[in-house]
Amino acid sequence: MSARYGMVIDLDRCTGCGACMVACAAENNVPPLPARATDRTGLTPMLVHKVNNGLEGAGRREAFIPIACMHCANETPCVSVCPQQAVEVDKATGIVMQIPQRCLGCRYCMTACPYHARYFNWWDPSWPPGMEKTLNPGVATRMRGVVEKCNLCHARLHTAMEKAAAAGKKEIEMTDYIPACVEACPTNAIQFGDLANPDDPASQAAHSPETFRLLARLGTEPKIYYKSRQPWVRALAERSASGHATEGQHV
Amino acid sequence: MKVSRRDLLLGTAGLTAGIFFTPVPWKVLDDVSIWTQNWAWIPQPPRGPVTTKLAACTLCPSGCSLRVRMAGGFPVGVSGSPAHPLTKGALCPLGFAAHQLNWHPARLQEVRHQGRAASWEEARSAFEKACAEGPIAIVDGRSGRAASIVLQSFAAKHKASYDALRNAEEKSLAPYAKWANVSVSSLGYDLENVRTIVSFGAPLLDGWGVPGRFTHLWAERAAGESDPQLRLIQIEPKLSRTASGAWRWIPICQGSEELLAASLASVLIEEHLVPAQGPVPPASVTDAASQTGLTPAAIRELARAIVDRKPVLCISDGESPAIAALNLLLGAVGTPGGILPKSGHPLPMPPASANDKPLRAVLIDSTVPWEYVAPEGAEAFRFAAWDGGGSRAEWLLPAPGFLEELSDLPSPPTCAVATYAVAPNLLSTSAQTKTAAEFLLQIDPTLPAIDQTIRARCEEIFRARRGTVHAAKPASIASFESAAKLEQALRDGGVWLDDPPAHSPLKCSLREWPGNSGNRAPANWATTWAQPVLPPLAAKLYQESSLRETPQRSQS
Amino acid sequence: MNRHVLAFAIGLVFALVAGWVVFPRVLYSHQQQPVDFPHKTHAAKSGNADCDGCHPFNSDGSFAGIPKNDTCAACHTDKLGTSPAEAKLVDDYLKTGTTTPWLVYSRQPANVWFSHAVHVKRAGLACADCHGALGTSDEKRLYEQDRISGYSRDIWGHSISRLRRAPHDGRTMSDCEDCHHKRHIEVGCFGCHQ
Amino acid sequence: MSDLAIVDRRFIARGEERASTLKFALWLAPWVALLAFGLYAAFLCLFYGLNQTNMDNRFAFGLWIFADLSVIAMGAGAFFTGFLVYILKQEELKPVLNSAVVVGLVCYSGAVGVLMVDVGQPLRAWFTFWHPNTHSMLTEVTFCISCYLIVLILEYLPVLLRNRQLQKVPSFLVFEHQFHKLVPVLAAVGAFLSFFHQGSLGGLYGVLRGRPFAFREHFAIWPTTFFLFILSAIAVGPSFLLLVVASVEGVTGKKLVEESVLRKLGFISGIMLGVYVAAKSVDTLVWLNITSPSVGFAPWEYYAYKPFGSAILFSEIVLLGLLPAFLLIFPKTRARRGWLLFAAVLTCGGVLLNRFVLTVQTLALPTLAFDDFLKYIPSWQEVATFSAVVAYGVIVYSLSYRYLPLFGHSKGEDKRVSVG
């Protein structure tokens, strides 16, 4: 079996509530950071960007673009650059994964990622006293000085695999493997599934003509697909580069 | 023989050469790296099996069902329970990290009197003294709970006044309640059958009402469609999240909503778009135009758009009689797809008794938001699990935290069908914490205890033989053989949902068009939560991303 | 000249001795189990010779691991014999309700995901294939802990050079890899890391 | 004369006259202070983590990587001069060879030092040798630089052993004489290694297909930046060496080498720079017109953000490329010491600018349609750590100059057999 897990995100359905970001952080034991941390030094494996159509007045519209690791399938930029094989595309699942215990923190992969979906642990993780009791058993905490990113809630895949093995099955039930952000979305804007399986609804949605991918022309074949019926959102997301269409919020 | 300097030199050379042929450098190098992978000062998650329990969230009146993953006796993950008939598994962003709240640095650990540590005994005697001297008031942020019954009946017995605060959603229903002379909590919006919603600044897509209820409808019937089944018209000065997701966004000048409502009404009557009934609004389109910043043509166009697809429903942000009057005119009151009275058993709701004499003391339940300011000169007994920055209160009394209190959840505001659920206490409370109800029960043991009330209500529902309990799979009340079984089902996380209302029409009589009320309250979690009490991971939304503007209140 | 060789040789020998003999003794700290537990005796007396009598799988497929107190209490409601070990177990742990702080020889760090279900139920390995004769001997083993890495010595294996190791000795990543290669099983990093 | 001064004298080669001990101490003092300060900053970064810096998730590389790239380029003089002298038999460059070695040693060891502070988990850095990813340019860099550092140390050894006191040890003398036979081999090995890691350093950016500003066409497995970095490195190496020698002459007020040697360095530098600029121009044109547009990035957008306007491209290629190349090649200007030094300075500036653009501008530019052009100002810890490398360089060089025969053979040399 060789799955290719991916997502289709309906940007029209995203209200920018942020539930996916919080659920992701809780599932993956992402620590709350010191007060000095900003949107540039934060740890947000799932990050929702707020964008607008650049107009003022009644014509102005805003939209929200959730961005996690795109799990690029071709020439995966972060994999080839890592000097010590801390990044790898998993053969069985197509998940691009980061092994913090192997990582030496050179951050070369971060410069290589066009989606800025990789995050560096600038601080040692710490929780208010007692809160470590609420950490998710499936996921090891990271240490300072290493890179981390979305791994499609791999811990949940482990649980599903164990369940399947215990039941004597080789394949997992897709209902047992749903990433935290997908589960959390209050409008079901995120479809998750095995893009290699033609019967999978997510795969059908992904390969339908109205989907598009960010920076597709770089040729890295990302496995996170987007769709939107609003022309300006498509135009913005599909256009490769230009800083003009955004609010100066990231600085 | 004498060891020369050169011998030592060569000896050291031999030593250095030799050491590389032993495990020492290699094993140490390896172990040191392993050490960096398991630094002792970095906490690691607990080991051991993970069990899943159903519970309910008590952070707000919505009472969402939770699936709580537990390990080592502590919650390690929270997600919504798809079984819940209203939320369908949705939660607000706070919910997903709520299991960490009990360890929040702002958690109240001990009784505090004027900022100094005190004991429950002192608090109790101080309160009894205040009761004796009187008059006192008891403030409840979420009426209708079993705990509220305790507060109410205590107030009744000890000649105290009982004030039930209302959130913005409930306030928006207040006018109909007044005109029809029913209780606010017995009214709700029949969103499922609406085809056009005119929102006057209500944050429908941003924390309004029950999480997931409207957003699901919107996502299924409206999102991104150029001609949606469900038309959402957002009338709001600024481009809010709701405005962005709306079918039409009508930006108008701050505070001119009610005038616009009036002028819309006059257009509707003038152009015979609705059967003329009730009082005629005084507003003229032209001066409405001047004040709202819209053109007269735009207002007329809007009026036509509103009635293009019926049923239509107007929703105000907070209490607004003018907008309620517009609903009356549109026939959206007491009809499907409008404002409906809950069938089933609206819980008794005494009117907030106004007290003219200056208050001696006021007891504030932990459900009261931190924005509430105790009356001048009254000794405040403030129950709270977390210190939201309101150290103004004389007494800070530590209340149970998340999942630490057995409570029940009557129908959430804006819900048109009665529901009932029980929030079990999955975590044992520390000896230091008490709910306001427990506190009063100790003073007066004759009050109805929480679990008694819960049992009584379950029996009531059981006797009425209406509705369904939504758990793993839904079960009609008829299928339960005893009230005790029903209670157990609810304690295990089931949610009782009444059958759809048999339309008991809502009689609202209105003599003249109401004037501007002006008052309007922001209502979504992003602005009403005092920031120090956000779950640390939810605070990331503000701190580590530019997704949300920090709430104005966070300065306090 | 040969005097120089001698000086060099002395240094060399000194290094070798220190590295091969002294170092391993210094590197590991030695700890006793809280209670001596003779597996063989228990297997015989309790009547369930199979491991999963006391080390079962949970309903969700996860492995229960070291038994909790209630498993012991099932038989040791009160002292059955006269052994001081049992007395300690009953008085200090079962009666007081404090979980017995067993030292786990093959404990892996938090970043490792090892599924017993996958290895036992799917791959059909026997417990002894990895744990050796642990379950069938009454030997009271010391628990040795690496002072630097904090790992149990069983992870690295008892031969400090890792050459000429006993069959079940060693549970490092390369040991896992070797076994997987032998069986032509390909798992990526996240097959075993979490 | 104080005892210290006496000891100090003993180590200075006979017949060489050097500044008084006091004067030398005064010269070193500020550099030592700077070094100590820098080491303190480095300690902060190692102990508290990289939150001490102003780098962030978007600016994952900062001042340090820029410094490393530049310093290593400057150090290229070492391998290239060795290459010229021993392989191409350019004997007249021999006088500056030793100081080339010292410069190289300083630059490379300094760069490695900073790198160890820059990575988040230095104690795990050795994994690169144990689990190398052969596809990564960084692996190539790591291997080559560490090997070449060893080569440099070996090359430095004979120079070190020429110290007056060390020469008293006969076995050292023997060793040094034997070792000399090995030096050409080392030079060859060094040249080989350097070609690769200088190139790979450029490759670091050329392979970033996610960063169309840096991504370049590939020849075989290498992007063009690989070759451009080699060219620019060997172009700037001699210029930097020239500046070092000139400034030493300035500081000591002595004529250390023939003017012809400096001119020769300048000329070589000029030629290589010319080649580099030509190649760079072609590369830039291809990139602007083919590579970048093909992935949907209109090149003008790169230069739409101030202060990184197209002026930066112009100065990189013309002002700091073509111009110095001309000044160095054209005999009349080369003959004038003033012009020679000025041109050398421009050359160094050009390569520095090139490294800056690749490191900083690449990261500052947005890739997604909705993210922004970013600013980054290094924290004092970063600046201090970097300046420690400079201080370290000056100190090592000064000591080497004082106690070792860096320039030509000291008069004391022929007597040395009778000594000791």
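Per-chain residue numbering starts at 1, and chain names A, B, C and D are given in the order in which the chains are listed.
Following the convention adopted for this analysis, contacts are C-beta pairs under 8 Å (C-beta built on N, C-alpha and C of every residue); 3 or more make two chains touch, one makes a residue touch a chain.
Everything numeric in this text was worked out from a predicted model, so none of it was measured.
Chemist: Just to be sure I understand: the centre of a chain is the mean of its C-alpha atoms, right? Then which chain's centre is nearest the mean of all of them?
Modeler: A
Chemist: If you tally contacting C-beta pairs, which pair wins, B-D or B-C?
Modeler: B-C
Chemist: Between subunit B and subunit D, what is the separation of their C-alpha centroids in Å?
Modeler: A distance of 62 Å separates the two centres.
Chemist: Between subunit C and subunit D, what is the separation of their C-alpha centroids in Å?
Modeler: Between these chains, centre-to-centre, one finds 52 Å.
Chemist: Once you find the CA centre of subunit A and the CA centre of subunit C, what distance in Å lies between them?
Modeler: The separation of the two C-alpha centroids amounts to 38 Å.
Chemist: Going by the touch rule set out above, which residues of subunit A reach two or more other chains?
Modeler: Those would be 38, 41-42, 49, 101-102, 124, 138-141, 143, 250.
Chemist: Quick check on subunit B: which residues sit in contact with 2+ other chains?
Modeler: 32, 35-37, 44-45, 47, 50
Chemist: Find every residue in subunit D that makes contact with two or more other chains and list them.
Modeler: Within subunit D, the residues that touch at least two other chains are 121, 124, 127.
Chemist: Using the definition of touching given at the top, classify the network of chains in this structure as line, ring, star, complete or other.
Modeler: other
Chemist: Quick check: in the complex, which residue numbers of subunit D touch subunit B?
Modeler: Spelled out, the residues of subunit D in touch with subunit B are 121, 123-124, 126-127.
Chemist: Would you tell me which residues of subunit C are touching subunit B in their complex?
Modeler: Checking each residue of subunit C against subunit B gives 3-4, 7-16, 18-20, 23-24, 27, 58, 60, 62, 64-65, 109-111, 146, 148-151, 160-161.
Chemist: Taking the touch rule as given, give the residues of subunit D at its contact with subunit A in the complex, in rising order.
Modeler: Checking each residue of subunit D against subunit A gives 49-51, 55-61, 118-122, 124-125, 127-128, 130-133, 135-139, 142, 204, 207-212, 294-298, 301, 305, 362-363, 365-375.
Chemist: Flag every residue of subunit A that touches subunit C in the complex, lowest number first.
Modeler: Against subunit C, subunit A makes touches at 88, 90-92, 95, 97, 99-102, 138-141, 151, 154-155, 158-159, 161-163, 165-168, 170.
Chemist: Considering only the defined contacts, which subunit B positions touch subunit A in the complex?
Modeler: Residue list for subunit B touching subunit A: 36-37, 39, 41-48, 50, 69, 71-72, 74-80, 89-97, 99-100, 102-105, 205-207, 211-212, 215-216, 218-219, 223-226, 239, 241, 244-245, 249-251, 535-541, 543-548.
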